[in-house]
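Chain IDs A, B and C follow the sequence of writing; residue 1 opens each chain.
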């Protein structure tokens, strides 16, 4: 059975990844997966206000996820965030934290901004994937890159990278994960919908395999920016 | 000291050279890309030098405002998100974002760019609502002109979504029907620093401005909205000169949006 | 166990990338050991020296170090001196005693020395583990910067802009007839004729962009000669 957009079950949507897309930022990246486009900008390490948030032991990683008002397929997204963006900002921070060494930045903050210009499911995942490239571009000390992807379960089939229709209209179980290759560990896991324990294990294996595909694209995009500066 | 830097910039302007080597009335390179956001009914990205800004148009069906029961609704909003500039903060729009939205709104509204009467579906009950959102990706000066240009390009790019049988919007399907546009306002901001007039300012120049005049110019060279900014007053002659500059520059920018 | 190098000298790597396997290689700056492998800690270029692998960062924030001469900006005036922005995550304090050799009376108007927004060439004298930083104006060449413009580049590229024994910056100064001061924090002050300042800035941005290309000095020389239409003598070359 083919999927609604003609893809195979384990096939990702077309990907574009670019590093250094926001000139003002210390690091930045764009990650486009099908109809979902995430921009991420990193500022810092920089001065942290309010001061009571400062930690003399290590720096703070602060994530801010936002959908642009015109980014949705349906009605306009009311600006100002809300509970959903707050929660996604938090799980994004948790997904990235295990790889980031904040010991070198006591009392300071590393700000990660994620903006979705267009959305077709998997927005938090695209955001995390973009953010980890932006952090590397900003020269932040990190153990590894982080890759994130949503796996779906529909009519007993496991689907890599579900799109908006599969998620909302067809009612697929949505399983966004984030994966850290060098540790072989998962730093984001959410499930929306029903799934058995055995299926979940398979879903995670599929997610990991596809994350490693995206990992190669991330590496290439980062190297492309810097290699251009070395050769020539 | 700020005055020290200002003196230095004024010395350069005296010789006809801007901070980045441009002449006083030169614009940076301008690029307009339309259809930038696939889910929106219309969208455009405008690049002016290092400034990159997106305008997106969403369309909805709403009740008209009580004082204009037979006209469609128009709303312009701007968000200066902290991603685009280290000086911007999270949270509700500040003065700068509100001014940007309102100046763009006035240009579109007062030029009657959209024939709002044609957006009426059922008088007093149902009208089309056109919502423009302006968000910079990278804010490096001249957001007013860039935001206005992106908004106009996005409006020109806009098509109506399909309606379902019971009259609700089906956002998944688009028609080929364009917005009823009649006038196309271009906004140009002219800065006065010392005795000099410049266009398309850099952030460094915006910080040092004495006065600023943003004028929305229609295709037949009429002025349809103006906003004076900055703390220094202007003479009538100066205003006349600045409007003249805006008219000239509007002609140049107009060529970029077809 | 076999020792294998996974990358070549001067290769660009991303954080977490495996650089070598086995215990025969030594991880140096910018790399870390993860059990039996050596991995990159940040974005950078690899430099292999015998058995030692280190990473030359190509991006990242300035890290304040004692002895660095930096260009700082006055951001606050306090009872005891000035707070200055160092273009890092940490601001520094310029105390009254370190600001000038003049005697400053209690309660004096400190803005007559340095006002908000002023840029100064200053030197770092102390950095604590909590990143509390002291700077001084006592030292040769340290001063308030009047006029001119401040541009910024990545601090890791500063050595390239300065060049061997200052050869690169000397060449730009010669060609553009501008005064140029390069702070270790990546802030650079340029003061000269308007068009020449623009050229100096353009040249410095070009060096930042092409910092790790081969024949950089020569390329920049050619660039400046083309732009100014005059021959440039590079220090150390006989012509």
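To be clear about the criterion, a residue touches a chain if its C-beta (ideal position, glycine included) is under 8 Å from a C-beta of that chain, and two chains touch if they have at least 3 such contacts.
Because the structure is predicted, anything quoted here is derived from the model rather than measured.
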What chains touch subunit A and also subunit B? C
Pair of chains joined by more contacts [C-beta pairs], A-C or B-C: A-C
Which chain's mean C-alpha position is the greatest distance from subunit C's? B
Quick one: subunit A and subunit C, Cα centre-to-centre, how many Å? 32
How many angstrom lie between the CA centroids of subunit B and subunit C, rounded to a whole number? 38
Touching at least 2 other chains, the residues of subunit A are 46
For the subunit C and subunit B complex, residues of the former touching the latter: 115-118, 146-149, 191, 193-195, 197-198, 202
Which residues of subunit A touch subunit B once you look at their complex with the stated criterion? 21-25, 35, 39-41, 43, 46, 64, 66, 68-76, 79-80, 111, 113-115, 117-120
Which residues, counting only subunit B, touch subunit A once they are in their complex? 36-40, 43, 50, 54, 56-58, 60, 77, 79, 81-86, 90, 92-93, 131, 133, 135, 137-140, 171-172
So in the complex, which bits of subunit C are touching subunit A? 10, 12-18, 32, 34, 39, 41-43, 45, 57-61, 88-91, 129-131, 156, 209-213
For subunit B, which residues count as touching subunit C in their complex? 1-2, 4-5, 7-8, 11-12, 15, 17, 19-21
